[in-house]
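One chain, subunit A, appears in both complexes that follow, with subunit B as partner in the first and subunit C in the second.
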Partner chain A sequence: MIDSTVVELSRWQFAVTALYHYLFVPLTLGLSFFIAAVETVYVTTGKAIYREMAEFWAKLFVVNMALGIATGLTMEFEFGTNWSFYSGFVGDIFGAPLAIEGLMAFFMESTFVGLMIFGWKRLSKVQHLLVTYLVAFGTNLSALWILIANSFMQDPVGAKFNPVTMRMELDSFSSLIFSHDAQAKFVHTSIAGYVTAAIFVTGISAYYMYRNRHMAMARRSFRMAALFGVLATAGVITLGDALGFVGGQAQPSKLAAMEAMWQTEPAPAAFNVIAWPSQDQKRNLFEVQVPYVLTPLLTHTMTQEIPGVDWIEADAAKRIANGIPAVAALKVLSKDPTNVDALAQFNSHQKDLGYGFLVKRYAPDQDVEKATPADIQKAANDAVPNVFAMFWSFRVMVGLGLAMLAYFVLAVIFSVRNDVENRKWFLRLAPWMIPIPFIANEFGWLTAEIGRQPWTVYGLLPTWMSASSHSVGYMVFSLIGFVTLYTVFIVIEMTLMVKFIRKGPSSHGHGDHAPPRPALGGRAAAVAMMRKED
Partner chain B sequence: MKTLLQFLIYMLLAVVAIVMGVILGDYGSWYFAWFVGTAMIVLVAAAGGAWMDAHDGTVDESEPAGH
Partner chain C sequence: MELYFGLKVLWWLVLGVLLMGLAIMVGMDMGVGTLLRFVGRDDNERRVCLNAIGPHWDGNQVWFILGGGAIFAAFPLIYATAFSGLYVVMLLLLWTMIVRPLGFEYRSKLPSATWRNAWDWALLVSGAVPMIIYGAAMGNMLQGVPFHFDWDMRSYYTGSFVSLLNPFAVLCGLLSLSLSIYMGGVMLMGRAGGAVAPRARKAAMGAAIAAIVLFTLGGIWVSFLPGFVLEHAPAPGLPQNPLQQQASVVAGGLLANYRSQPLLWAVPALGYAGMLLGLLAVRGRRSTLAWWLGAGAWIGVIGTVGAALFPFLMPSSSEPSQSLTLWNSVSSQTTLLWATGFAAVFVPLVIWYTSWAFWVMRGEVDAAAIQHDEHAY
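The block that comes next holds the complex of A and B.
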């Protein structure tokens, strides 16, 4: 059996590299489409300021994208180096979307991003616009394939286990890519990227406006990003609801943990707004509830019962007992693949094969047939993820999402009234909003991934079986190496971003050193200033 | 000739959009929603920029020198 410290360190390593990597990804996803929107205005109106805007935001986009790719590449190798059993077990399914991502989306985005940056002089306006859209689609298609692969880990559809080859095999590619989880996950994640970009652009534009610099660009960018952001945030919330609904059907243990629901209650169940869950005592030490709200929120009905932790554990115990004969049959089949009795036994229990694996670590000599009821109960308790971490990760994401919606609604109102420059407090607040979507994104992933535990592939492959058998020293050394390297990447990104932002767009006399704000109020002042600048 | 070509390209785009709508509408309703939603978000943002210039009556700008 793989040393549990090695498994923990492998998990830490993946979590750390993924969370670092994901500091770059959402901005790339969203900024690409924002630049496309800016360039669309340039092509349709012919106004040079929009080209300047597109070039400026594209500069920041490229810095971010380059570091996103650098941090992402190592992760693809990590599957092979640190999760070799997992890679062998589901490589047939997992490999396909990953390869398509590399071949199609990655090449597409990398090729066109060069043209987007250096092609201004060589391409016509419309050709350049097309290239920018292809970059935007390419970056989001990259995300699509990775998210399809991740969705398979959350809701493994379109594949079945082959007891002869001892690995999962792809059954239906269309079920894999059109799974409800993959769809909702992609849209939620991609649009969360749009929200991130919109906050980033409004934050930097507000910074310029506050200092009365690059006003022509800042005002237009702010207006466009505010509209972009308000719609995107509404979308992210809608899709968040859909994802909770879809995910809840596929992963009831994740849902029970997210809502800190220890006991199954008759519908309609109460919603825990705040709680202090204790995994040891299997209850909330403190909770503030709103009655009747959880059931309609999660199931979109008033009558469907939501399974609590008690039900999850009882169900897991039953499934472990049913999965044990499947694991035992596999042992026979590994020596004699033609054994008809073993095959029949496997087929009638294979639905719970993963649960059978779950008890292996507790069974004497790892022989599941020797597992006692106490071992089964221990393994069943493992079937519930960390409730505290889940409950609060989810709430941080949702809370920040609602705060961002309020921010964008105000941003749109102020911008449409041409009043934003008079709202000094808002201009001061906006740059401080920039970290918010990044935090929400990270907590989103924590919700998704902690919630999948104890599985790497939900219901099929336990995490403790999935890792490679490295030494602890190797894992510690590589973890420190990654943290150091990625911290350097973050410092590089921040330094370059701050440098480019301080410098601002190449002005051509359109925005820089705008005249001092006239003593007119709101809209009239803004209109007067725009006339002067333009 | 140019107009005909443009017409054919736009028709082709429309057909592709309808086919995608039918296929994705059946099998991938959220993918379809992403497509439509992204188009809407981009276009509304773009309209916001264009509207800002048109509504506030700013003078037209030419290409910046040096490009």
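The block that comes next holds the complex of A and C.
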């Protein structure tokens, strides 16, 4: 049996590496399009200030993107290194979007980012603009394919189990890529990236305006980003609602936990604004409710019943009982793939195979056929994620989202009235808003992925079965290694970021482009410059 | 069934192409990283080296990422078993590779000599270590790795970390390192100019000679290694898993394919030709020609491994019957069909725009211009 400490450590490692990677991704998603927009203005108006803006933001973009790429390497391989059972079990489906992401999106982004940085002198204006757009499209296409893969874990459509190969196999590629969860999640997530970039740009621009530096650049950047941001934030909230709607249909346990709904209530159910959920007592120790609101909020109707934790556990117990014969049949099929009785038994219980797996860890000798009703009940209790974590992750994300909407509404109003420079309090506040979208993004990830528990693939493969069979020692070693390396990296990245922000655009943002070259020619000039720098 | 058989063979070839592409493109950048401190004596020269591959390393690195993704998509059981089995080695590979993007992007962003020096070391380690591991991993595949499966296809690796660094694997790792240094040297010969080019040329010549010696030694060694033979298995065109076959170990078995199909000797011959002619091309200062010959050498070397193992991909030394072959570790027909469709459209596209990017940035790096370009590495 796989050690539960190893599973826990593997989960921690994945969470640490994914959350860390996700600190850099949203900014890349949004900033790439922002730079493309700025450069479009440059190409259409020919004003040098916009080129300077594009180059300045591109410099910060690159510092951020380097760590995004570096930590993305880990993600591409971590399913194999630490979740090998998962990889073998669903790799036939899950691997394809990852490979397509590399081929179709990441290649494009990475090849053209080189030209975007180094190609200013070698490409025409229009060519360079095209290159910048290709970077932005590549980045966003990447997110699309990754989220298609992720959505398979949330709502496994388009796949079926093959008893001959003992794994899930792709049944319908179109169901996989047009999964409702994938569509809603892609738009929600990529727009959240635009919000992140918009706050980043307005925050830094406000920092300059407050100090009366680089005014020409800061004012223009602020206005563009504020408009970009207000639209994006409204979009994120709308799509978040859509995602909740779609996700609620596919993952009732996620929804019940998110809303701390322990008992199924007759519709329309009350909405818990705040609560203190206790998993042990299966109730909220404290709650503030608004009657009738939850049902229309989640189901967009007044009459649809929302299953509570009690219903989910009862349903899980039933499905576990039905799934046990499926697991038993599978064991026979592994030795005798053509056994007719086992095949028939498997087919009639197949839909609850995952629930059969769920009880395996509690069954004596991991033999599901020996599972007692008490074992089944234990497994059924697991079918609900951590309610406290879910309830609060979701509320932190939503609360921060609303705060950002208010911020952008103000930013647009002030910017349109042309008096943002006089609102010193706002200029002081804006840089402090920069961490907000990053925190909201992380809590969004937590809501989505904690809400998926106890499954890696919802209803199909329990998390505890998915991990690789490593020793505790290996896992401690790798977790410490990742945490150490990543801590060093973020310190370096933040130092550079802050340094470049303080320094500002090279020509002080007045539109006078590029300092004159020293009169010395070639190498001599280079040497002189080096001496000066050192 | 015949379609599935064809797709399996096609994706075995695609896997080969990806491993070759990765070795050629990423290997070249890593060779530059390895050589950086030796061919660049001062900061200026080192910046020239970095900027020679500056616009391309990021795109090239996608070969590595795509390699991982394609193995996941087309050979999920290899992805699962190999990457978890070789855990500590994979960590070493990842941890060193993670440093590389930062080395390129951050090194020249601050003027401090200590800062830059530290990143130069980081680039050396993140160039040399992954290439050694890459070769060593192939060496381990040739010898087989101790692993087995449960009835539900959970894999267990039963060897140790140290056993993955056995002498034969290290030899393969050094061969891989030599070829990468050769490619990096050749690249710098063509694009660095100044004082760097002659040093890079010398390094490339040394690397070519080392590669020839190591490839020869490896070849002799392989003829003494045991190989694996499938005795009984479902037909290749059928869906199957590794628990449904019988395989055994035979002495000298790694050369069995070459004995039965003598034409296959052309593959290692291509490797030798690439290295020997490459050495001559470097001597004659023909850097572009030398680059293509180096690519040929990589194709020959990786092809040699593939041909020796076929149809095995990852044999099990502890439970030979549970070895992973291309027939039993491959994805389903539906997945392979879709993957083929995407590859048919996007691989030519990627090659086209990658070539365009190289063409745009063609020519020697202008050492003086770097100093005025705030975006340069």
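Just so we're on the same page, the second predicted complex is superposed on the first by the 508 of 534 C-alpha atoms of A that agree within 3 Å, B and C clash if a C-alpha of one lies under 4 Å from a C-alpha of the other, contacts with A are read in each partner's own complex, and residues count from 1 in each chain.
Definition applied: contacts are C-beta pairs under 8 Å (C-beta built on N, C-alpha and C of every residue); 3 or more make two chains touch, one makes a residue touch a chain.
A quick note: this is a predicted structure, and the numbers were derived from the prediction, not measured.
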Overlay on subunit A: subunit C relative to subunit B, clash or fit: fit
Touched partner set for A:R395, first subunit B, second subunit C, both or neither: neither
Which superposed partner A:F173 touches (first subunit B, second subunit C, both, neither): second
Partner chain(s) touched by A:R213 [first = subunit B, second = subunit C, both, neither]: neither
Partner chain(s) touched by A:I49 [first = subunit B, second = subunit C, both, neither]: first
Touched partner set for A:W120, first subunit B, second subunit C, both or neither: both
Partner chain in contact with A:R11 - subunit B first, subunit C second, else both or neither: neither
Larger contact residue set on subunit A - subunit B or subunit C: C
First, second, both or neither for A:V41, with subunit B first and subunit C second: first
Overlay on chain A, subunit C to subunit B nearest C-alpha distance, Å: 10
Contact residues common to both interfaces of subunit A (with subunit B and with subunit C): 120-121, 526-527, 530, 534
Contacting residues of subunit B [partner subunit A, same complex]: 27-31, 33-34, 37-38, 40-50, 52-53, 56-67
Complex contacts: residues of subunit A adjacent to subunit B: 33-34, 36-38, 40-41, 44-52, 120-121, 140, 174, 177-178, 180, 183-184, 186-187, 190-191, 194, 219-220, 223-228, 231-232, 235, 239, 242, 418, 508, 510, 526-527, 530-531, 534
Contacting residues of subunit C [partner subunit A, same complex]: 43-44, 51, 54-59, 61-62, 64-66, 68-74, 76-77, 79-84, 87-88, 90-91, 94-95, 97-102, 104-106, 109-111, 113, 151-157, 239-241, 243-244, 331-332, 334-335, 338-339, 342-343, 346-347, 350, 353-354, 357, 360-361, 367-372, 374-376
Residue ranges of subunit A touching subunit C (in the complex, touch as defined): 2, 55, 58-59, 62-63, 65-67, 69-74, 76-77, 79-82, 84-89, 91-96, 98-104, 106-108, 110-115, 117-123, 162, 164-167, 169-171, 173, 330-331, 334-335, 337, 468-470, 474, 477-478, 481, 485, 489, 492, 496, 499-500, 506, 514, 517, 521-523, 525-527, 529-530, 533-534
